[in-house]
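Consider the two complexes below, in which subunit A is the common component and subunit B and subunit C are the respective partners.
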Partner chain A sequence: MNTIIKNTRLFWQGTLLSYRALFAWLRPVTYMASKIIMPLAQMFFFVFLGTYASGGKNASFFVIGNAIQITSISGIFGVTMSVGGDRDAGTLPYLFGTPANRFMIFFGRAFMHVIDGAIGVVIALTWGVLLMGLDLSRTDMPALGLTILITTFSTCGLGLLMGCLSLLTANVMFVNNFVYFSLLIFSGANVAIESLPAWMQVVSNILPLTRGIAASRALVGGASLNDILPLLITELGIGLIYGFVGYVLFAWFETQAKQRGTLETV
Partner chain B sequence: MNAIEVEHLRRVYRAQIGVFNRSIKEVVAVDDISFDVKQGELFGLLGPNGAGKTTTIKMLTTLLIPTGGSASIAGFDAVKQATDVRRRIGFIFGGERGLYWRLSGDDNLRYFASLYGVDPAVSKKRIPYLMELVGLKGRGNERVGGYSRGMKQRLHVARTLLHDPDILFLDEPTIGLDPVGAREFRSVILNLQSQKKTILLTTHYMFEADALSDRIAIINKGCVIALDTPGGLKQHVSDLSVVEVETFGTSEEALGKLRKLPFVDALSVEDREQKQMLLIQTTRGAEAVPDVMNALEGQRVGSVIVREPTLEDAYVRLVGGAA
Partner chain C sequence: MNYGNLFKYWRTVLVVAEMSLRTQFSDAFVLFAIVFQPMIIAILALFMLRDKGGDYAMFVVIGSGLTGLWSSLLFVSGNSINVERWTGTLESLVGMPTPFDVIVFGKNLANVFQSLLSMVVSYALAAALFGYSLTLTQPLLFFATLLISMFAFICFGLTIAPVFVMYRSIQQWQNAMEFPVYILCGFLFPIALLPDWTTPVSYLLPPYWAAIALHGTSTADMPFPQIAFSWGMMILFSIVDLVIASQLFRIMLYKARVDATLDVD
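Here is the complex of A and B:
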């Protein structure tokens, strides 16, 4: 029992500190901007563009899509920084020189971003309600909360994989931007999936977010938790798969770096 | 049981050269190294740049897989039982990198304590103690990004003591420290030594190695070329004395003449601001001075001293004047 308490405290301590060490914006102002202003800008842009192109009735389609997609700021950029940041800090030898459980290190790095990403979505939805006429009166709120959490989790899974890539090669921010903007389209945030070409639909189906956005739209439209449960379970599974592949890559990176002597090459 | 046992350790790096026509070049960083370090011993590892010291330490600290040979640390195999080894060792690779600059000093220590599984209740007491030990008391809540280089190195020392390891690997820990800082650092090392910690130290400061080490291995080109106590190493050059000549802008020609003198075993030149120190190793002692002065005719010469050889002289002879 005591060891469980001790290990939980250790996990928390490590998780919080690594979040601050590798990610947290240098100043609260920058953080607030990324949490409050940036989602607003993105939502305005796509909601106006989208309703202009497809008619005003569709506003909630874009509001929900973009609000949920906001989670990938944390899930993709944040997690990548948290996993890949050790490379720039020169801390990899000191990190891998500890006996710490690698599984804990790895998933600990994403933990705070799940919470952070979920908060981002809530803020974005609030903008939607306040400024863009989003109507949540028919929505099962606990179910929406669960959907947000699971979607954020699965996006972080993809982020973990991206983070590992950033350990392997230096230029991942470029790839990250590419992934972020791809998600704007492939996830169905701004385009109905059915209207995408077949090959793009295949990509949509193996990405996180897609089912989370669909589930959220259904919930806002009045669906029950039971209706969207299959979507949620698949979304969760996708996240777990990405996270697991990321972890395998992380373990592989450590072995490779020790074999080739590349632990501190930037 | 010895704290550290190294047997025929070898490491070859495969470096890719050329961007377009990729070819692989093999670098033998550590060729064949064996030595033992007893419990509680302070063992110095000396050698010229590129000799393979850091590579050796990386293998002993489980961060690099050897190409051949084996190492056991506290009785555990450095490859097969890496986690057991990691629990019992601390290590520093000199310099200021390897800390989280966005976190405060205390938070850096808290984070590494969590990675080493130190109970938060224990680290709460231990962190202030260590900060005081390394002379950072009162600076713990400042961000490490604002620390000076020396402060960062001190923090590394505190970091590596968090889990109270029995064996420490210190790779050039005093590099870039000011003289007072380096001296304080040495007193920390002596303090650790008095706590019966086993320490493996590399340094390019010979007096430091001389003052601290119980035994020293000198390695060159990936092989141990001498292994003895500091006194024992100096015995290698007990036949020698050193003539130190202070000069001001000596010509190459004069240096050439000096080198040709039959009794000059080795000559090295150290630049010290406007002047230079010529260090001449000779078996002739003071009798060599008149001939040396002859060879330097026409040059501006300051003081001339004849002294006993130091560890540095032994090192220079062993490494072959290349250092």
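Here is the complex of A and C:
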């Protein structure tokens, strides 16, 4: 019982402190510029491009796709910076020197970003309704909320994996940016998956977001939770796999770093 | 800014440009901004606009290239002074006999020049991967437009850099400035899609006139008077930008030499 309480406290403190530390350098205005205005501007750009391409039809396809894709800002950049930030701040040796449960430390880094990312999606969808004519009248809202949470969770799973890469390479922002922008193509946010070449469809199917976006579009189109449940379960599974691979990599990195003395030399 | 310095110190401008090019080609962030991000945007746009036919391929090449040009101007040129502050070399640069604005001009020249790689990459992508046959409708006028656009972008960059170093509250909005300009300048779709109230804002942005003229000379037979008007607007904005930049550099150098607050956060 004592261990559970300790680990829960560790998880919660790690969650809050890493999130606060990540944004400690930000003023509210910077947070708003980076986490609200920038994602919305990006969404509007692709929605305008999409409606131009489709001759003014199908705006909701692009609004939903890009609104859900916004979750990857928190999922990829936020989580990666939370995990990799220890190396940048020079606190990694202390972290690895503690007897704290690694599982709790590792997954605690992502928790606040799941909430943060989900809020970002809700804001984007709200703008979609107010400015882009997105119609949510037939939408099962609790199911959409669940879909947003699961999609954000699975994207954070990818972020945890990317965060581990940030411990291995100095060019993590390049990799992050590349993955983030690639998701705009492969997740189906802007291009229907069926219209992509076969090899790209294979890549789409092993990425987070793809099924979350498909499920959200189906829900907005009037589908029920039961209809999209298989998509959500697979999305959740993909997120867990990425998170688990990230955790294994994190553990491997710690072992290698301790054995070779390469903790902060990459 | 003393414009005569650009002619007097032309060797310095070129050496700074060369050094900047060498440095930036090993910077992963710069490579992402000028190569990979425009490439991904080009792939997306080519997929999204393919139902409109092959004529749109060149439109996408130019448009995605312009996104690379703007992103690079915003993040690389915008931080061309800040980066010296971050590395601790700003005071030395300000203190040396070579005029500081000449150095920043050279850095911007390199940045805008290397950003043209965005268009080359998008062109190669559309031709090689998507199999489009790409030709410029008015090649001579296109390259003339490109030169004027480069000058307009450099001058615009000269106003952004000192603003970002002196007014950090504005620099905080840097991330949020990237996509709005893609939208307002009609890089990949006409601004007629946007609400009417945004049109005057577009007219005030030099990249909008660059986009109009570059699209017009690459994918359409734009009448020469319209091209010349866009050139005129770019030159007009360049002159305005240079006047504003001269005032900004004066204030910035005052802060550096008298207040000694340039490097203070």
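Operating definition for what follows: the second predicted complex is superposed on the first by the 251 of 266 C-alpha atoms of A that agree within 3 Å, B and C clash if a C-alpha of one lies under 4 Å from a C-alpha of the other, contacts with A are read in each partner's own complex, and residues count from 1 in each chain.
The criterion applied here is as follows: a residue touches a chain if its C-beta (ideal position, glycine included) is under 8 Å from a C-beta of that chain, and two chains touch if they have at least 3 such contacts.
Bear in mind the structure is a predicted one, so any value in this text is a computation, not a measurement.
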item: Touching partner for A:Gly145 - first (subunit B), second (subunit C), both, neither; value: neither
item: Contacts of A:Ser34 with subunit B and subunit C, given as first, second, both or neither; value: second
item: Which superposed partner A:Ala53 touches (first subunit B, second subunit C, both, neither); value: second
item: A:Asn171 touches, of subunit B and subunit C: first, second, both or neither?; value: second
item: Which of subunit B and subunit C A:Ala89 touches, first, second, both or neither; value: first
item: First (subunit B), second (subunit C), both or neither touched by A:Gln13; value: first
item: Interface residues of subunit A shared between complexes with subunit B and subunit C; value: none
item: Subunit B residues within the subunit A interface of the complex; value: 11, 13-14, 55, 58, 61-65, 83-84, 86-87, 91, 93, 97-103, 107-108, 110-112, 114-117, 119-120, 159
item: Residue ranges of subunit A in contact with subunit C within the complex; value: 27, 29-30, 33-34, 37-38, 41-42, 44-46, 48-54, 171, 173-174, 177-178, 181-182, 184-185, 190-191, 195-196
item: Complex interface listing, subunit C residues touching subunit A; value: 28-29, 31-32, 36-37, 40-41, 43-45, 47-49, 51-52, 169, 172-176, 178-180, 182-183, 188-190, 193-194
item: Residues of subunit A touching subunit B in the complex; value: 6, 9-11, 13-14, 17-18, 20-22, 24, 26, 89-91, 93-100, 105, 258-261, 263
